[in-house]
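Shared chain: chain A. Partners: chain B in the first complex, chain C in the second.
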Partner chain A sequence: MAWTRNVLRVNLTKGSITTEPLNMQWANDYLGQRGLATKYLVEETEPTVDALSPENKMIMTTGPLTGTMVSTAGRYSVVTKSPLTGAIACSNSGGYFGNEMKNAGWDMVILEGKSPKPVYLYIENDKAELIPADDLWGKSAWETDEQIHAKHQDPLVRIAVVGRAAEKGCLFSAIVNDLHRAAGRSGVGTVMASKNLKAVAIRGTLGVGGISDPTKFFQASQDGKKVLAENAVTGEGLPALGTQVLMNVINEVGALPTRNHREVQFEGASKISGEAMLEVRESDGKANLTTNGACFGCTIACQRISTVDKDHFSVKDKPQYHGNSGGLEFENAWSLGSDCGVDDLDAITAANFLCNEDAVDPISLGATIAAAMELFEEGAITVKDTGGMELKFGSAEALLWATEVTVRGEGFGKEIGQGSKRLCEKYGRPELSMTVKGQEFPAYDPRGIQGIGLAYATSNRGACHLRGYTVASEILGIPEKTDPLATDGKPGLVKAFQDATCVVDSAGICAFTTFAWSLEDIAPQIDAACEGDWSVERCLVVGERIWTMERDYNLAAGLTGKDDTLPKRLLKDVAKTGPAEGRANDLHKMLPEYYEVRGWTTDGVPTDETRSRLGL
Partner chain B sequence: MLRSLQIEPEKCTGCLQCEMACSYQAEGVFNPSKSRIKIFTFHDEGRFVPYTCTQCTEAWCLHACPVEAIVINEATGAKEVIDDICVGCKVCTIACPFGTVNYNQETAVVQKCDLCGGDPECAKACPTQAITYVDSDHSGLERMRAHAAQNLPQDNA
Partner chain C sequence: MEITLKLYAGLSQYLPENAVKHATKLDVSDAETAFSILEKFSVPKESAHLVLLNGVYLDSNQREHSTFSEGDILAVWPPVAGG
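Let's look at the complex of A and B:
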């Protein structure tokens, strides 16, 4: 069975907590986590609901493999409607929280309504209670984590929490668990804070069992681990350099967005790369990277555990930032680094600590600061708006200032906290916002990697690399190499990645396994753990069903095919340097074919035939 | 030949595969809270440290037990708890200087590492060889070798 088959439902308006059995028909159709929770959201809420109203629901959800010995199987997701995009939001996190939720006996925690006063939810196996959190409101995520641990006198409680940014309405607030793992994107933390819910703290001691076929399961999970260990990316690159293994690679292929996507290569890339994190600092004789770490159950261990130089201006005389904490991922190093033109590794690491401390998505934050920097250089924003700060590209001081005021919801930070789209609209330059459906781009420029442009344009949660990571194929040659500058074949490639990722995100495992695993490796592990026959073919149908359900939700929420587009800068302004010099993204050559391979109309609406084929 | 669990914290990533393997072997479910081996995270220091019973020769737990529920497995050297004899008095948990014997409120007896009868699951599950099962007489061999290597000329080291 693998699922616990139990759902915890918390109505924050009434303060009531009830339990119910998991809908197993839906579990069979949508697997778990991303797919299953989205099905619940679709059935229980109106897509047109205001994301920050009590009528929106927020679901914390594990997958059937979460908490088992399958490598990386400690994931959970947060599914809700996004206040940033108005589309479906599904943000996925590692750490230890997901496993703890499963060990407490819950596949899903459904949070509805809005508490009249700040509270946190404490779950100890089958006992759950809402505890007043007036004393925690206004505290950072890190302080809140510490205080809840102290209150329960239990170091093994796992806590997911929102920071000050979410309380102040920052639209890209995250939910941080285990201090530096995050359900990062689309403002899921903003939704949580809108419900006056400060944290969810869980202690689970029941164990995860019910493996359908233990002999097959141990063989399949062993086989899976072997594949990960022997793969160059998951076995060597990621443990040694983390996702930061990509910084120099992506810069060289001319797809590293720089200074708000004005350019596609960054002269300072090597200074903020994974390799640079290993170099010993002159000042204190230490490297930025202390060690690598793993999320629950993960045999890859790509986490960066880092320090900032104690004498660096960003943390000088601030001892709370002198210890080790979650270091730079490629995405954060890019958004806070090259997208802002900043090549100061310590400054970027410190800004990343601030994002973790107050639970903010560093991708959207960095990209919005980059947009603000361009607005400043263009004269649309002045020192009058910033209160004196020269918000210039390349300024580490400006980066730290903008990060601090945004994560704490102070002054001009409140405007940055509205995201790049709203900021650029407010200051009369909407074309400078590098977003799709209101969500900021991640670290790959679609002029240098054509397929990822289509993946961004059609992503169900706005611009995102994790909805269909065609970079794997276009740059790394996984599962096979395609030309990053070609558009032929990309619609089919994007669809294949999108559907497979739906399965990965619904199973309880990490997307990074797919550097090494295909569904041929994943399906046998699901099949052995779960009852019923989980073939690759069935997984593919489930993946496509989930993707199409999300699409239908977005259409019902008011989005249309017209939203499947990219900013003009990427469609018209050609890359100035690198292998993609002279190229824009040729979305128009890919999008019609994409709709066709999806079985959608030319307006991007799934046809009745497609819906009926998928059982929707 | 007796073998011992050898722990090298600098190799540990904190993935808890060992805790899952241990609890599954002992309880039939993946349940880190019931694992006999525990991983401790020292966040500020950036270090993960596995810790479990070292199977003392003169075992405090064994001597403290009033009902002789802890016995030596001659083949493995492990000090094993006989569940049927254990009365759950917890004196052994007080006697152990390292805290590696613990009470299990579900079973109402104490639990500790028994080396899985000579084939420890934690060592097999560890993806980074932070936990290995080695010749008891030479558990320091790798560390000796590393120090010995310091004698090599610098350009060969």
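Let's look at the complex of A and C:
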């Protein structure tokens, strides 16, 4: 057992804190983290619940490998119902918070109800208390982190916190932990703030024990680290350039969404790429990238630590942004950069700092600003709406302004904070929202990468690349190269990626290990840590079970197969340049077969036979 | 004919000094292939993981045999990934 077998339950309405044993039958069926917490949510809440009501629950959860010596095993997830999509939300984060939670002795913390006043939850091993947070309400995530650290006088307290955006109702608010890491997507921070819960601070010193077969586990985890070290991607590429190495790749293949997906290639891509982050700035003689960094137990170290030129307009006379801080990942550089048509690396980096400072999902933020820019250029939004700002594509000033007002929940920022779908509907142009199930797209255009279009359309949490990253195969050749413009074989590919990702997200490890690890590498590590036989075959069944359970939750919440679609722009408006020139996404050729390989009806509903086969 | 060679990430070190933004213009003959060009610039074959001609992936056979047209862009990366 690598599980602690302990659950902390916090009822914020009553102010009560209780403990209970982990349901081990469910752990055997759903492994941990994403799968296991979703099972708890399914059993304890109604899928039709208002996501921002006290009746919704929010679960912070680790996996059985979290806190162990397996590489990257510091992950935790936040599982709840999303206020952005109305679907299941599961946001995963690295840093040190997950490890600390496991070391304090908890597999998961279930947060229910709503506190009558702002509070934060402080956990020190087996002791937990709710502490008044009136003085923290209205503070940024960074200020809150600093004040809680000062209060407890322990730098090793790990803190997950919401910022001002969440307090003001921004629907894509994140939960930031360790200042720069985030459970970013689907508005999990908005749910946390709706419960008047400002932060969860944890100190854990118990260690993580209970490994089923320590000798086997030591060998399996060492074998895994060797594979990561010897792989060119995880051993060299990611530490050197981070995920930002993809900026030029995706632009060259003609799949870099630009100016709200109007185009698929960005003329300024090289200026905001991973390579550009290494170049010395003429203005101050420093490079954007200071160094790389790593989350707990990670032997890849893809984090970016960056600076902005202190004389750049975005941070001039704002010394709080002059030091090293969390730098750009590819997704953020894309959403704040090419999707908004902005090629100013300093400006994009500064906007990313603001997202971390107030805990906002930069993907949804950038994509919603891009939609707002198109609405502005189309005349649907005017300076009367913005209060004077000309929201034009390519304007770094407009990007910074829109970011600031959104993360602080001020003025027009409150409208951006409702997300692209609601914003475009309000201004009468719903077709300009680049979303699936209400969640904004990540950085890959489905016209140039057909399979990722199917993955977006069927993702259980709305548009998301991390629910089935077929880009690995279609573009990067991992584990095998497939043609990005072909649709044949993509339904099976999408299902395979989706199911395997469920296992990774439920184990406590990082998805980036899968650039080197297959389930053949992962299953032996789970098997050695956990009691029972965790073969590759069992892992695949568990993965499919988790995916189907999430699907059933969404169907019960009111979503249907009709929600498995893409915006008209991607289905009808063909790419104008690049290898995909003349192509739209051919979702209609893939979706029926996808339902078939999943064992679902033609309407996208799991059949009784499928549910029975999976034990659902 | 003139083509553009782009070498990214760890392969940038193999570009000539006059390269701008990871790219250099080349005059190539009708017989040149992706592999022959990479060899000229001392790029190890095993490091050329992602080889794109005008954005389209070349498999190992195409890298050895496909020739170029005027204005082509050959872009090459070592093994890379992100998310």
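Structure notes:
We adopt the following convention: the second predicted complex is superposed on the first by the 616 of 616 C-alpha atoms of A that agree within 3 Å, B and C clash if a C-alpha of one lies under 4 Å from a C-alpha of the other, contacts with A are read in each partner's own complex, and residues count from 1 in each chain.
We take it that contacts are C-beta pairs under 8 Å (C-beta built on N, C-alpha and C of every residue); 3 or more make two chains touch, one makes a residue touch a chain.
In this text, all values refer to a predicted model and were calculated from it rather than measured experimentally.
In the superposition on chain A, A:274 contacts chain C only, with no contact to chain B.
Residue contacts after overlaying the shared chain place A:245 against chain C, while chain B stays out of touching range. Legend: residue contacts after superposition of the two complexes on their common chain; A:124 is shown touching neither chain B nor chain C. In the superposition on chain A, A:293 makes contact with chain B only, not with chain C. When both complexes are overlaid on chain A, the residue A:237 reaches chain C alone and has no touch with chain B.
Once chain A of one complex is fitted onto chain A of the other, the partner contacts of A:323 are limited to chain B, with no touch recorded for chain C. Legend: residue contacts after superposition of the two complexes on their common chain; A:69 is shown touching chain B, with no touch to chain C. When the shared chain is aligned, no partner comes close enough to touch A:385: not chain B, not chain C.
Chain B contributes residues 10, 13-17, 20-21, 23-24, 27-34, 43-48, 125, 127-128 to its touches with chain A in the complex. Residues 67-69, 71, 96, 99, 103, 156, 179, 204-209, 225, 229, 239, 290-299, 301, 303, 305-307, 323-325 of chain A are the ones touching chain B in the complex.
Taken together, the chain A residues at the contact with chain C in this complex read 231-233, 236-238, 240-246, 248-249, 252-254, 270, 274-275, 329-331, 465-466, 469, 471-472, 475-478, 481, 483-484, 511-512, 515, 578-579.
Every residue of chain C that touches chain A in the complex is listed here, in rising order: 6, 8-10, 12, 21-22, 49-50, 52, 54-57, 59, 73, 75, 77-83.
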